[in-house]
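Each structure below appears as structure tokens.
In the two assemblies presented below, chain A is common to both, partnered first by chain B and then by chain C.
And then the complex of A and B:
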């Protein structure tokens, strides 16, 4: 496995009337060929802006890259010209969006939309693009594909639309597939079908996947590495086992504890994270999580914690992460 | 005694066809022959995928929709026959919390106006008393009573849902229909609201009908759970029996499809993947409505005979000709559309 994508200290800011909105502030990760990275976090944590930054789909202005770099096969995506980015998008890096209803164009036939990238990137003729589009619909499990390719998006159900989106994304055999909450709008039985399909396609083509989700169940199900984000910053990164079985950041603890679990026998009280996520225009001083953290001390209010290495690639941005005696549920009195 | 009894409830919506000369083109049977009862002080969970009729059931109970047929009894009284003052009495006792905290609060009203509106409608208290009550309610749901003159947009999603809860509590209701109250919220906030609902239930002896698509949340909050598919209850039972020993193949596949936030368990689990989509409720499949996607369907019986809800354990019923308990953690089937792929092995 070789490193395909490297994101280093990425900062994506938006200039708004109320001030600078730091949507992504210091995201760092790398992605190997064929691997799956999960990015988890709640709304407003910067997951989607990270994805859009990689695709260079951030509207500028008001957005701007304030720092850091994104490197794909050792070329800086941030420094590419518009033409270079266009040849990258859809061809090397493709994206699946959350809402298959709004991300398909309602006035074009599904097959045409899938064929569009083939014509653009592979220079296929209209005819051969149509044929290939029908094949792709068949690959993603749409019955009677050559007929259905002539349908409009409204004639497809939600699950079928998401399959069509996947067909479109994999049309040019991209190295990286970014899936931004691909199943959030779908029912669970359809979600299971779509996740299965993505895993199948990944194994066939050795595609790397960035899976953006708020659902820790999906993360446990299909990713190798996880990045947990809070207020635009990564708070913990590691393998899925490290993050689920040996989490080091109080925010990760909070996330895991607040989930109702149907696989655990007893129904104890849920332990929510108190308070609300911060505004990204006025991020709290020091550690962004300190106002909600039951373990916060003075140092947390004053100094922003760096991502510190805990061994085996497991990193966390907490002043106390890894120190002895700092364990989950050890004391809720730290804040007092 | 049961506070709420729903008996053979059916709701059909007419489907219009054509634009100029529109005519009746059949109907959507959104809810079909649904029966359950809810004991005072308990929570009944209604769970299922979109279009299964769970919200329509809730709205029929609220008398927001007029039921096509069937019976709803609240405290022994026939809800569908209530008129005038009696209906107002019913609506004082039965309140609702909606899914979307952004759409269910009027953006041009202050929090005081929103929460006091039920009191105003029912003519309870003077203006000053109403204000005091609103402040008390905000306190109860964990909001700052000083924020009484703010507008909804000044609050986050979780706080807005608390405002919706405060409004539902204003008339001291006995039954609250919670229609997906936490599905628009982030997990950390969702846990706050779920805990709040549980505390309120204990404190005021509330009865809930909790409608949601999230199986884990429903399991957490419910005493009894009904699983719905295409307008029908396919399985109903107390939460432990239903989740530990689901009998209906739909319940089994639904449970197996939910990813668990535990990587090792998730790797070991076998999922039953249902093929295809939920059929249209305008022309639902004959016989058992699930037979087109069922991994254990047998023909012709499943396509011809509508299975009755049969009791399979005390208080636990399933509507399947071949209902068998399947502890979901040890499932080894891959579902097909209608063909039998070996009997699922237990153990």
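And then the complex of A and C:
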């Protein structure tokens, strides 16, 4: 597998009245052709901004790239001209958004909206784009597709709209499909169908997927690698097995502990992570997670932890990650 | 859709009768001060015989309900009665005057749409630029200026001073004989001024609102150019509320523009109705209002129907949910 996309130390900042908001502050990952990366984290952890940065869809101003690079097939996306970026968008890198109810334009027919990128990037005529759009709707499982292509979005159900969004995203056979919480707005029964559809299309075309979600179940089911984000920074990265079965960062522990489990007798209580996600304008000193971390010590307040290599590509940004005796549940307390 | 239109037209009937009944109640002796025949004769002393002849000629000796029934019967034949003061057929008067009002209204609406919409769009696209601030400032000033005062200012500047300075100047009164474009410019701008400012502001806020919608980001994520995103995806959505405003405004303009027509001596129906009210010339007032009400109702219906073309989510008459 060859590296398709490389994100290196990406910093996406927003200049606000209250100060610089560091939405993404040093994200690094790489994505191979056909691979699936899951990005997980709470709201405001920088997942979506990372995705929008890759598409260069960050409104500027107030947004700006303060550092780092994003390379697609070894070309820097951040250095591309606006026209070059546009020729990538929807063509090589496509995106599926969270809310299918609002992500389709209400005043245009679904088929037209799917055909739009075909006409733009593939130079198709109006007619052949219409035909292809109907085919794509059929591929994503819309019954009676050639008729339904003439419908307006409000005539589609939520699940159908997300299928239409997927049809739109895969229209030009992109190398990378970024899905920003694609199932959050859907019923649970529909969620599985949508994910299955994405996996099916991925296997057919060898598309790489970046799956942004806060649903750890989705991650466990369909991704190869996981990046856990907190306060704009990656705190742990590795394969699904590494992150799920051998997590090294206290934040990852907290996320996993807050999931309901059938095999642990905890009297039905979930264990939440105490406190609130930090302000991205005044990020806590040292490790951004230290105010909420039950294991925090003096060094955590003073020094920002680097991503340390734990072997086999498993990395975590914690001063104690991998050190002996520092294990999940060993509420050391320290100086806290 | 046809069913909906038919229902709307049927709804116009009670409105129409309601308006005419109110207008006739105003005619009843003692409701409004002033006797039409006295207003007609002015200071001249007339004999009781002449007075009674005039009363009989205009049917004022009949009870009010008889006058109403007679009026409505004639109305459906296209006869709006006889003006007390002008001694002319009211229908004839309005057939002559209405095109003038129409001319002014259409010119003003054209200005309102072209200037208002484009200024609003540019303002929204170049948000917070110098241009945008200038537009916001000048539209606030414009909406707070009394229309007649703006008209007079323009007359003084472009009509009088420009002439004095030897610059090309504009006629300040009337509509020209034969009617020409030069006479139309200032009245049309005056009539359009406030609405144009409103249209620009509504359009700006709509465009900004729409440009923050998810589907705009979807369009950008497809790789469309910024211009194409605005033209294809933002504009149609942003236009919907603006069309309402312009439609209602056109309805109001077709009812005649009393202030503008008075300032510029424009021989439209607004000015005509205003004169008739001061003269208690009821047939002109009633006929004028009847025409205005019909025009207004038709325009409103057209606006509502146009929604269905702009916004596919709106379907009238319960076809396709």
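Quick notes on this structure:
Following the convention adopted for this analysis, the second predicted complex is superposed on the first by the 326 of 336 C-alpha atoms of A that agree within 3 Å, B and C clash if a C-alpha of one lies under 4 Å from a C-alpha of the other, contacts with A are read in each partner's own complex, and residues count from 1 in each chain.
Assume a residue touches a chain if its C-beta (ideal position, glycine included) is under 8 Å from a C-beta of that chain, and two chains touch if they have at least 3 such contacts.
Keep in mind the model is a prediction, meaning the values are calculated, not measured.
Annotation for the three-chain superposition on chain A: chain B and chain C fit side by side. Ranking chain B and chain C by residues of chain A touched puts B first. Of the two partner chains placed around the shared chain by superposition, chain C is the only one that A:121 touches, whereas chain B remains out of contact. Residue contacts after overlaying the shared chain place A:94 against chain C, while chain B stays out of touching range.
In the superposition on chain A, contact of A:160 is made with chain B only, not with chain C.
Contact with chain B, but none with chain C, is seen for A:255 once the two complexes are overlaid on the shared chain.
Once the two complexes are laid over each other on the shared chain, residue contacts for A:326 go to neither chain B nor chain C. By the document's definition of touching, of the two partners only chain B reaches A:187; chain C does not. Of the two partner chains placed by the overlay, only chain C lies in contact with A:103; chain B stays clear of it. In this overlay, which is a superposition and not a single complex, chain B and chain C have their closest Cα atoms 5 Å apart.
Shared contact residues on chain A (touching chain B in one structure, chain C in the other): none found. Chain A contributes residues 55, 57, 86-91, 94-95, 97, 99, 102-108, 113, 116-117, 120-121, 152, 154-155, 165, 168 to its touches with chain C in the complex. Across the complex, chain B is touched by residues 42-43, 157, 159-160, 187-193, 195-196, 214-221, 240-241, 244-245, 254-256, 258-263, 267, 269-274, 276-277 of chain A.
Taken together, the chain C residues at the contact with chain A in this complex read 213-215, 217-225, 232-233, 236-237, 310-313, 320-321. On the chain B side of its complex with chain A, the touching residues are 49-50, 156-159, 186-192, 194-195, 198, 213, 215-217, 219-221, 239, 243, 253-266, 271, 273-275, 277-278, 329.
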